[in-house]
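Following are the structures in question.
Both complexes shown next keep chain A, but they swap its partner, so chain B is in the first and chain C is in the second.
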Partner chain A sequence: MRLSFEQRRWIWAYTFLALPLLFFLIIRIAPTLYAFNVSLHDWDPLALERPFVGAKNFQRIWTDKVFWQALKNTWLYVFATVPLSLVLSLALAMGLQRLTRFVGLYRLLYFVPYITSLVAVSWVWRWLYASNGVFNELLRNIGLGPQKFLLSPDQALLSIVAMTIWQGLGFQIIIFLAGLEGIPEIYYEAAKLDGASEWQRFRHITLPLLNPTIVFLTIVGVISSLQVFTQIRNMSSQGQGGPLNSTISLVLYVYRLAFDSLPSKMGYASAITVILFAMILVITIIQLKVLTRRYEY
Partner chain B sequence: MSTKPAATILPQATSERTTMQQHERDWRKSSARILLYVILLIGGLAMIFPFIWMVISSLKHAKDVYDLSLIPQNPTLENYRTVFARTQFLRWFGNSLLIAGITTASVAFFDSLAGYTLAKFRFPGQQVIFIMILSTLMVPTEMLVIPWYLMSINLHWSNNYWGIMFPGVMSAFGVFLMRQFFDSVPNELLDAARIDGVSEFGLFWRIALPLVKPALAALCIFTFLGNWNAFLWPLIVTRTAEMRTLPVGIAFFSSEAGSAYELIMTAAALATIPVLIVFAIFQRQIIKGITLTGIK
Partner chain C sequence: MSEQHSHQFSRRTLLRRSAIGVASLAVLPLLAACGGTEATTAPTVAAGGGSSTSPAGSTAPSTAPASAAPSTAASTAPAASASVASSPAASGSPAAGSSSGSESFTSALQVKGDVEIEYWQYQFDSKVELVNQLIPEFQKANPKIKVKHVNFPYDDFRQKFAAAIQAGEGPDVINVYYGWLPAYVQQKVLVPLPEDAFKAADIESAFFPMVKTAAFSGKYYALPTAVRTLALFYNQDLLTAANKKVPTTWDEFVDVAKATTKKTGDKMEIEGCTYDPGGQGHQWWRECLNRQNGLLPMSDDHKKLAWSDPKGVEAFTWYMDLIKKHKVCENGFDTDGATAFQKGHAALHIDGSFRISTYTKNAPDLKYGIAPLPMRTAKASYASYWCNAITRKAKDDKVIAAAKFIDYLASADVMRQWTPKVGELPARAALTKEEAFTKDPKLAAFIEQMPNAYATFFVDETADRKAVMDAMDSVLLNDADPKVAVQEAQQKVQQLLDDYWASVK
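Right, the complex of A and B next:
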């Protein structure tokens, strides 16, 4: 049988895609479906039986105070991190854009935290926050009393948020700088000729033209904040989301249930990951709706 | 004749006033500029202060670490010796390097190949395959770690290199990114090479891939950084100390070290400094790469 040129090309395409397809089917898609399956069982990997329990794990969520605490913390985390870091990074990017000398060096300073290991910097900040650490020494020097930071149920979450904002600024600044450089200088020149003030130029040129960048960074920020785990595991007392569960996030709770408790509650933990998946799905759909919209000015 | 009328017509006094105003405006502008440099420098130093403090603390003796002086009184490398002696630091470093290196190579190759195929071939099922790969982007890894864990227990993958690596050997984001960049490679170029007798794989490897090097470099940098810093999955899948990756090892060591912050900072410095050196070398490419992938 003679294959046409087109058919031979099909065979090449399927050959090239064979391994990637296998990977996405076995390592991504099947486990996704399996997670739903696990969430419908009482699942302890050490037990002999894993009885099917239907929606019991999902019903249990309603009365589980720790779950609601983790959900509340996770969203607190999102709302404390995302808006503030966007404002800060936009302001810094606009400042950095005006520099004409030492440009690379200045950008480097702001960018360094982003590329370093989150585990390592979590411990560095733990040291800064220590009761006899640098931050308390500074507070003492300006006449304020020492704070408990990570040891206080009221301050621990915000202390971790501060570290997270610091760590992520560099990424957002770089993206904002790219966005700012994409705005044609001529718009500003024209506005200046029309007598627009600096604020007006920012409000009516910079901000609207940066809209896609802001949407992008908001979505990326919200999704990654919803998945917060590493810094809480490394900064909270015993890595359990304390004190008094004041810093526990959804993912940390999932980790504790599935991998850090005996007997392991993998079924219930999977049910919580399904909730997390649903939240991220909704945000992704919003993102697709907003980002595919055409921007007109 | 009428080339310079303004200068000659203007009276002397007015001209002087304008230069004075000009001077004042220049001065105000340049002082604002200096202020901007100063403010951003202070901010920048605040950004790197935690790293400076980390290095300073790592050079202090245990009894001096709480005195908080900026200059260590008797600087010592004792802590570095202790960390090397008490942990398997080099092993962890090697583990991370190996895992990040192999996953990066694998992602670079397979994501490019899949992206190229989806961009440059037309075949039945193409749309379905593309959407299938893309849809996996919506699933957070946190949802997959429990099935992955059960899978690696059953297949005896847990606590070995393949077990740590397998979730990351390809990435949907990379397929999507590379497909977009291969889209811009002109078909005429590939057709011409095909007529010259280049094989289908050769078209990808020798003709198309060199044209998308910037995107490939960006993908490599991201994949490497992501795997080098990965925490959740290596924490779950490793059981013995010698299989830990660097972040997992640092986390265990630090939580066992209690309040010996001079040792914790030493471990953090050992984990951070190599990355900073690599970053200083590839700074331009990394920043370009992030911009490229972020905006596309």
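Right, the complex of A and C next:
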């Protein structure tokens, strides 16, 4: 039987699509569904028996103070990181766009932290934050007293947020630059002719046309903030999210329960990931609806 | 214009779609990570690696706790474990020749046919290299046995092991931290060493008493090649400059620390001593300061903690006074104590023998000495060890081969090679009488303390450490009452113990 050109094209397309699809099914989706199953059991990977406990793991969450602390911290990470880094990176991107010389160099400089291993960055910043580190040296030189930074329950979380913003800035700048490039110059020229001020042009041309970019960065930013882990693991003493659980995030708590504790509390950890999953799902849907519609025209 | 517009539109759609895509992609791996496979967000800090200067392995469980007695089940516990806790000195004077460890436990055991066993240990270069050299030796002596040596980074080690053993694969012999034994034994992941070959009495007469933490219900589940203790590292130059001798008591320790502390205004330049609760500080208080102050921190049957006893609170307060009252140290100075000492920024520092190799490599010019821990009314140090155990995967001939390999790794010959190459101390008491060890200026202090060194019984080492660290943090950062802080820590760890013993029944 001879296949038409069109038919052969379809066969090839689906063959190529099938591989990644299979990959996602096996590597991503199946374990996700499996985690739902695990959350309903008293699950220790090493034990011979894993009794079904129904909703017990979920009930336990209500009385677990560390969980609520981690939930609160996680939202603090989101609200401290996302808005500030969006504003900063948009400002920097607009600045960069106006440059005529060394544009490539500046882009590179801002992007370097992003491609550097987060672990390495975390340790360097841990040194900068040390009681006799560079930051305290600077503070002393300008006459301000030394700060405790990572060692203070009040400052530790913000110290990690500052590092996170700095580290992620490069990525957001690049995306914003792409968005800015996509806005036709002709709009600005027309607005100028009509006598629109710089602020008006920004407010009525740049911002609305950047909407999809902002939506994208917000969603990605919120998701990655909700999953914050590596920085805290590396910047808190013994990777436990201290001092006194002041920096612990949901994912770090999940990790501690599943992999640090002995015996492993995999079932309870999975129950928390299910909660986190639901949270991220709902928030992403809301953001897509709310943020995207506002500036549609 | 219209072209521009459609372009804009499609880009928007694309962005929106990719946002959804990224959203779901970002969520899924997270769940996958917790679904029993592997963590996508691999943690890079060793569980115990409080210090950037130490390779993963050395701080991790290396520093872990040490209690005197084994976690013998209730039935057999009293006699055996009590003796360890109260009279560790017994093994300090081992018989000369007989228990020197040259004789083997397994010479009577023979494998029936050719057999290959798999041996797992975590990635610690000096250990891996040495075992690679030892395996051919072992195979020469046991031609029917082949050993396959597999390594994983410390961070993944327990997870890999859990995944493999669950699938009926993985190691026949595994190198584990002694603090993991209670959980592994309870979960039936490990099987006892063949009892007829490894008699408890023989082991206890040849090895230091801390190996009793490897016995459960009177049966031994593992044997170490080497052990570690804590000792006092002192910076010779700083002590000389302050005209002070090495402190041997708590009071002298405070005195020397005060004399060596240097500040410019409020800025710490040189610490009198290090403050490192997450490193060795928690062990120092839990097992050393408490015992030195005349308190047995845990009952001999490992069921009840006594931390909140006035003596425990006193020892805790003494430790916290170093930073709060005497101000001879600073939280987070040089990020951690081991680093501060390495850079010559601290005069006194408590650490384990595994640190020597770090300093030899990273700070060859550092002039330092090592002395036994300063004491009060009694001597005490903390001990810990990695040991080799047989997993439930091994059957029949493999159990015998595994036993022979464990026996070989715990032989005096191997120990003599181990100490100079890895920096850990021989686990057989008789060996430490040999000149090579007693004359070594760096090792002598560690060895001297062995008879008074206790391996803490841990149900969950990480949680236990965190409870103590939190107590120290709450006193330092929130000005909590030390007594209340200790009570809270005790309550948390007691809960772990209660849960463990309830599940063992």
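Basically, the second predicted complex is superposed on the first by the 259 of 297 C-alpha atoms of A that agree within 3 Å, B and C clash if a C-alpha of one lies under 4 Å from a C-alpha of the other, contacts with A are read in each partner's own complex, and residues count from 1 in each chain.
By our rule, contacts are C-beta pairs under 8 Å (C-beta built on N, C-alpha and C of every residue); 3 or more make two chains touch, one makes a residue touch a chain.
Everything numeric in this text was worked out from a predicted model, so none of it was measured.
Once chain A is used to superpose the two complexes, chain B occupies space that clashes with chain C. Look at A:Glu198: by the touch rule set out above, it reaches neither chain B nor chain C. Look at A:Asn234: by the touch rule set out above, it reaches both chain B and chain C.
By the touch criterion defined above, A:Pro20 reaches chain B but does not reach chain C. In the superposition on chain A, contact of A:Gly104 is made with chain B only, not with chain C. When both complexes are overlaid on chain A, the residue A:Val124 reaches chain B alone and has no touch with chain C. Once the two complexes are laid over each other on the shared chain, residue contacts for A:Leu244 go to chain C alone; chain B is not touched. When both complexes are overlaid on chain A, the residue A:Gly95 reaches chain B alone and has no touch with chain C. Once the two complexes are laid over each other on the shared chain, residue contacts for A:Asp44 go to chain C alone; chain B is not touched. Residue contacts after overlaying the shared chain place A:Thr116 against chain B, while chain C stays out of touching range. Within the superposed arrangement, the part of chain C that overlaps chain B, taken from 21-29, 255-263 or 309-317, is 21-29.
Across the two superposed structures, the residue set of chain A contacted by chain B and also by chain C is 27-29, 31-32, 34-35, 38, 45, 119, 123, 126-127, 130, 132, 182, 213, 216, 223, 227, 229-230, 233-234, 238-239, 251, 254-255, 258-259, 266, 269-270, 273-274, 276-277, 280-281, 284. Chain A makes touch with chain C in their complex at residues 27-29, 31-32, 34-35, 38, 43-48, 119, 123, 126-127, 129-132, 140, 145-146, 148-153, 182, 184, 186, 209, 211-213, 215-216, 219-220, 223-224, 227, 229-230, 233-234, 237-240, 242-245, 251, 254-256, 258-264, 266, 269-270, 273-274, 276-277, 280-281, 284, 288, 292.
Partner chain A is touched in their complex by these residues of chain B: 33, 36-37, 39-41, 43-45, 47-48, 50-51, 53-54, 57, 66, 68, 110-111, 113-114, 116-118, 121-124, 126, 129, 132-133, 136-151, 153, 166-167, 169-170, 172, 175, 200-201, 204, 225, 228-229, 231-232, 235-236, 246-248, 250-251, 254-255, 259, 261, 264-265, 267-268, 271-272, 275-276, 279-280, 283-284, 286-287, 290-291, 294-295.
Put simply, chain A touches chain B in their complex at residues 9-10, 12-14, 16-17, 19-21, 23-24, 27-32, 34-35, 38, 45, 92, 95-96, 98-99, 102, 104, 106-113, 115-121, 123-128, 130, 132-134, 137, 166, 169-171, 174-175, 177-179, 182, 213, 216, 223, 226-227, 229-230, 233-234, 238-239, 250-251, 254-255, 258-259, 266, 269-270, 273-274, 276-277, 280-281, 284.
Contacts from chain C toward chain A in the complex involve residues 1, 4, 7-8, 11-12, 15-16, 18-20, 22-23, 25-37, 39, 41, 43-45, 47-50, 52, 158-159, 162-163, 165-166, 180, 183-184, 186-189, 266-268, 277-278, 330-335, 345, 459-463, 465-466, 469-470, 473-474, 477-478.
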